[in-house]
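You will see two complexes here that share chain A, one where it goes with chain B and one where it goes with chain C.
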Partner chain A sequence: MSIVWEMIFKRLGLGLLTLLVISVIIFSATELLPGDLAQAILGQSATPETVAAFRKELGLDLPAYQRYFNWLFGALQGDFGTSLANKRPIADLIATRLGNTLFLALYAAAIAVPLSLTLGILAALYRNSIFDRAANALALTSISFPEFFVAYILIFVLAQSGLFPSMTRMDPNTSLGEALYRAFLPALTLTLVVTAHMMRMTRAAIINLLASPYIEMARLKGINPMRVILKHALPNALAPIITVIALNLAYLITGVVVVEVVFVYPGLGQLMVDSVAKRDFPVVQAVALIFAAAYVLLNLTADVLSTLSNPRLIHRK
Partner chain B sequence: MSKLNSPMGGISRRGLLKGATALGAAGLILPASVRKAMAEPKRGGVLRIALASGNTTDSLDPATWDSTFVQSFNTARCNTLTEIAPDGSLVAELAESWEASADAATWTFKIREGVTFHSGKTMTTDDVVASLNYHRGEESKSAAKPYVDPITDIKAEGSNVVISLSGGNADFPFILADYHLVVLPSAEGKIDPTTTDGTGAYVLDSFEPGVSVKMSRNPNYFKTDRAWFDGIDALSIVDAAARQNALITGEVDVIDGVDLNTVSLLERAPGIKVLPVTGNQHFVFPMDTRLSPYDNNNVRQALKYGIDRDELVEKILRGFGSAGNDHPIGSGQRYFNTELEQKTYDPDKAKFHLKEAGMDTLTVQLSAADAAFAGAVDSAVLYAERAAAAGINIEVVREPSDGYWDNVWMKKPFCASYWGGRPTEDLMFSVAYSAGAPWNDSFWDHARFNELLVSARSELDDDKRREMYWEMQAICANEGGVVIPMFASYVNAHSDKVGVPEVIGTNQGLDGLRLYERWWFA
Partner chain C sequence: MKDTTNKPVLLTMRNIEIEGRSDETWSPIIKGVDLTLNKGEVLGLIGESGAGKSTLGLAAMGFTRDGCRISGGTIDFDGIDLMKASEATRRGLRGKRIAYVAQSAAASFNPAHKLIDQYSEAPVQHGVMGRAEAESDAVELYRRMQLPNPDEIGFRYPHQVSGGQLQRAMTAMAMACRPDLIIFDEPTTALDVTTQIEVLAAIRDIVAQFDTAAIYITHDLAVVAQMADKIKVLLRGDEVEEADTRTMLASPKQDYTKTLWAVRSHARATQPPVEKGTVPVVSVKAVTAGYGPIDILKNINFDIHKRRTVAVVGESGSGKSTAARVITGLLPPRQGQVLFDGKPLPPDYRQRSRDQLRQAQMIYQMADTALNPKLRLRELIGRPAQMYLGLQGKALTDRIRDLLNLIELDPDKFIDRLPSELSGGQKQRVGIARALAAEPKFIICDEVTSALDQLVAEGILKLLDRLQTEFDLAYMFITHDLATVRAIADEVVVMQNGRVVEQGPKDEMFQPPHDPYTELLLSSVPEMDPDWLTKLLKERAEKAS
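Now for the complex of A and B:
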């Protein structure tokens, strides 16, 4: 096991370094964008004097490196600062939205992961059958449509008939059951979007192994095909499947802004887009770091699980 | 427009100055009289409304209210000194009455007594002075700064606030109706721009930027014939399809910014009414008149004759608007020039003007992005298509919406833009057409026009004033640097459960931003 702990610590250290590098990149990228918050907020009503006064108030007249180190110093102490635009603490701005985003991601994952694993395994079992072809065709169709299109179709079919709400409004008093009901359509949209990837990877990974001699052996022993797949093939196919699941989970956390907009779901994506448009640098920075951390942690988890699933990696000689 | 004939519409300059007290009183009676034919408003219900604007960067700071979402809920939370009535006239709000010195350069506002903030604090003249001062001076970052710049001094005298201007301005009380210039509680001569307090019809319960705002009725509101809803639940839904879905499925009662491409589908939905309101909002293509070839008025005239206004109204606005005549005054405004010839699409005249300018063909670049107005890029392409017949070759440059106002508007010599319109002729011309004005986007400098602008501002005689504004509209149309092809209506939709006043404010969207206190549940 020590090899796993060593890996976790090493990777977490590297992860922190990655986050630092990302914060520099994000900062430079927002600096490269034309204009700043003062101009973006005042928009058409900006005059040179009001923009200058606004900049001074926000400290945007300081040199770039100074602003970056001010931010970094605060962030290292756990203070992500306040939004430049509305002076609210970023922690408050992000807290509810992060909760919403994680809720939706987990909800979608809770449907999508078992669904795609089951479909993938069944497709491998009955490969080239009608079932396999139909499952593949459906999954590929839903991944090929843009997300907003899938969302509109679901709204047209399921919301306009009154079965489910077309908007997802949640507040702290919403009960879990109610929240699951209200967020069903966005979760279903995301499920349709991510299922194909995981399902096809599961199918491919298993089929890949079915030609190996040890599977041949198992078959010759007369074990039934389902057992061959679950007991013999799946454990060895886990590594690529786990990696793909982790990538899709990261996508569910970071890439769902379109779904958020269509279903009026207050998640992090919309916050990120608005803050980039208005050049609200501290908010962009904080959200970007959350997204980056999600990727780092999920990848780490995937690697740890893959290692654990492979005795050859644990008991290295 | 019925506006011109209504008893309140045609206030004379003298009437405005002298009869301000009577006007204020009349203003409070007005809503009942204009609604005679409608069902009586009644109290009750929580209005759920979805708006197209709203951003996670929205704030409570009155210096920065930049979208209908923040403007409307803050207009419900706070009050200004004066209010623009639905018919476009000016009525009293936190100021009970006002009068001007003979030269219209010193204005005395009598502040209403007994008005309390939601916190229970009584509003004082000091609050008024501090609130207006917040937008003035060196350190002001306020979008309303150019409006209050002419103010040289504000002081409280008993129950009055006396404001001195650098020059006479007969329309000054109109400026104080601007949604930025709300009165907030002050301490030691300063307001706290992050306060949630206000004197308005609704108390702010929660505000999550870019998501929603919840408000409940202010039981101590000083207007007794307003604020019919028990509460307001306003949502920001940026996606047009999601917004319309919310209305159709009954999740909200009112939406703004109806998608004009699908408006016919919405009209067919049961229980839904589409409500277009003709406003002063107009879409423009300003040219930098300092630069060649736009410094030649014949070129500008050629470009004005090369655009097919009716086609743009039909195809871009789907009929929800009217053709513009290259000046920014709306047909509902007091001094709209009714006799000015409407410019139409005329390639021959365009060619004639090109020839006068010594050219056979003209090639120009027109920068556009949908940040300027919805459909700006399509409008530019249509413009290019039609202008080609007159030998004008317009190359449409598609600009990014992001940063449009910093990088394109007033930077590129010919671009797309819009104006929300202003309640008075003077304000509109001063803001965007007077020489040296910060937002004069055509960099136009016309001696006669500028001279008329200043003299009309302090002219007492209504007829003379009308004459001046008519001449200014003609100059603007025939010599100005802005192509104004269309005036766009505000298109809202609501469920038939919502009661709508007969006369709806046109100075801004959402019934002059006062939908929350003027509408009711039928």
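Now for the complex of A and C:
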């Protein structure tokens, strides 16, 4: 197993390096934005002295690289500074939001991943049948509509009738069952949006292998079709499927702003959009860094799992 | 060979017709073939590629590949009508009573599972035996197939086992449920001659031990002569003739069968020895080369003269192709150098001049993958002429037409075709024309005939021979097939594990005394004599004891 550990450490190292580069880019991007932050906050009427004093208070008078390192070391210790908008520590601000976002992402993934794998496998098994066509058509339809549209349709069908709430209020005291109930509609919307991609990849990756000699061999051994797919095709198709799942999970964490807005869900995406509007750069930076970390970590996990699924890479000659 | 004529009939196929779909129309692949097989009998099915051998073999299992269908005839397996039986019934027979051994074991074993898991799958799924029983049975059969470490080898993944061992493991797997019939689909074609012997012997023994009937599909007559009780010859989906092995070998009736038998007749006349002091076209001097930490070539030396063919022979992994990569500059050697007309060539092709590159051309084994499928012959052949010789316009077209005439393809018909519109032999001819277009002095032929049928290969060898005389070419001919060596070589270099173990003129090579490895190679080439394998194994056993 030492090969696996070696690879994991290598990938982790590369992942950290990637994050470091991203942190530089994030910091520079906010630096490059026009206008002076202190001036913007204090308004046009502020005297140059107050502006200067305020700049000093914010640490804006220090050179950029120094501020970058201060920010970076703070971030490493979980201290992202304080929000400009409401002066609260960013870490506190993000903590609950991050929890909510992860909850929704996991919720949607827990429905979407098994669903799309099952549908993909069945579509491959009954390829070109009515079932295959119907599953494909439905999945493509749901991915083709904009997310907010899917969300409104669901609200129209499921919330108008009072079955589920159309606004998702989340607070720390909500029980798990209650939380699952309240977040059902956003989770369902996200499921509809990501299922097509994963399902079609599963189907394609399996069908791609069905012409291989070892699949023919399995059939000639008299193995039943379901087992041929599950036991002979699927293990060899895992790498591309895992990659697509990881991409979609990353999307569930970072790309759900629209859905959060529609359902007034208190997640990170909404916080990011609000902070951009308020020019609350420390918050923007912090959220961007968390999004980047989620992407890097998920792709890293996908790489490791893909490698583990391939005996040729683990069991050397 | 045993007498099986009085045994009960196991398989009867009557008037079988199989069609394949291409572009929305169904065209016949098998056109009304009959086949009868008794219990314990081995039928050899031979013919060129495209004759429908595999298709017919699979049909004996009631199976067709995607895009094919059995459109007529009856298949009766031990009283079961396979044409009328349900898919579940047929599935119940496959793997249990009729098993299949594929051409490439490396591709036909699932890379994701251990050998023993794949072995026990069929017995467990068919309910023949339990998992533990199947595993101990696997070890027993691995032992009978003379696999090394039979107790342990099943717990490896396919990529951890060599090709010859995989092929034996696959035969063991086919035996798992002790079937009544096994279809062997070219099981030794992808193997080296020395490995082939072991696999052939193992297959023959185990089929005899369990009194299993078999259909043995191959294009190699000498192989089928060792394995089969009777032989059926197929040509483009039709049966040419069928007879018991000895009759068929001694007195084939049909003209087509006779041409198949006569194929290996082309032999190059002995050339006068090269005059002393002539500068060789290519001279490999004390070359050591390899990838990573491993040396693949260890201090090899050989010369290739004008109008001479040097055949480099050896098993896969012996370093033949690496030697070609060193000469062409794709792999700079660690030590030693390559001289061209007596002058050293830069080790890396990127440092060679365009003229140096032009002088040495290459023809590849797989014409299919060596030709860009999107280009027409005009561009495929024209590009080197344009790049190396600067030909343009009419001069270029004339040159392309000349080259097509040289390779015996009518320019009016072929100049604007795509590779997909050519047969295998024609593609290889285009490969030759492309090499010639650069007007080289030296051509490396890397297994150029091993993917072709014998009749077609014969044509290619004759063409290469003619072109050599016409253009004073020097050839380096990489091959593992000693019949090809006989047909084309002037000198032979025998390689083993990256070393040259023997080299010299062809006539000396085929005369004793030999280096022990050359002896092994030569004696491993199957002969048409049906008793050859039995005799050889006996001789080797005697020598060993």
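Here is the rule we go by: the second predicted complex is superposed on the first by the 280 of 317 C-alpha atoms of A that agree within 3 Å, B and C clash if a C-alpha of one lies under 4 Å from a C-alpha of the other, contacts with A are read in each partner's own complex, and residues count from 1 in each chain.
Everything below uses one rule, namely that contacts are C-beta pairs under 8 Å (C-beta built on N, C-alpha and C of every residue); 3 or more make two chains touch, one makes a residue touch a chain.
The structure displayed is predicted, hence computed values, not measured ones.
Once the two complexes are laid over each other on the shared chain, residue contacts for A:G78 go to neither chain B nor chain C. In the overlay built on the shared chain, the residue A:G43 is in contact with chain B alone; chain C does not reach it.
Look at A:P63: by the touch rule set out above, it reaches neither chain B nor chain C.
By the document's definition of touching, neither partner reaches A:G177: not chain B, not chain C.
With both structures placed on the common chain, the touch criterion links A:P213 to chain C but leaves chain B unconnected. Residues 58, 61, 63, 65-66, 91-96, 99-100, 102, 104, 107-113, 121-122, 125-126, 156-157, 159-160 of chain C are the ones touching chain A in the complex.
Per the touch definition, chain A reaches chain C in the complex via residues 211-214, 216-224, 227, 231-232, 235-236, 309-312, 315, 317.
Of all the residues in chain A, the ones that touch chain B in their complex are 33-35, 37-51, 53-54, 56-57, 83, 85-88, 93, 96, 152, 155, 159-160, 162, 165-167, 169, 261-264, 266, 270-271, 274-275, 277-278, 280, 283.
The touching residues of chain B, when paired with chain A in their complex, are 55-61, 64, 66, 138-146, 194, 208-212, 235, 237-239, 241-242, 245-246, 248-249, 251, 402-403, 405-407, 409, 417, 438-439.
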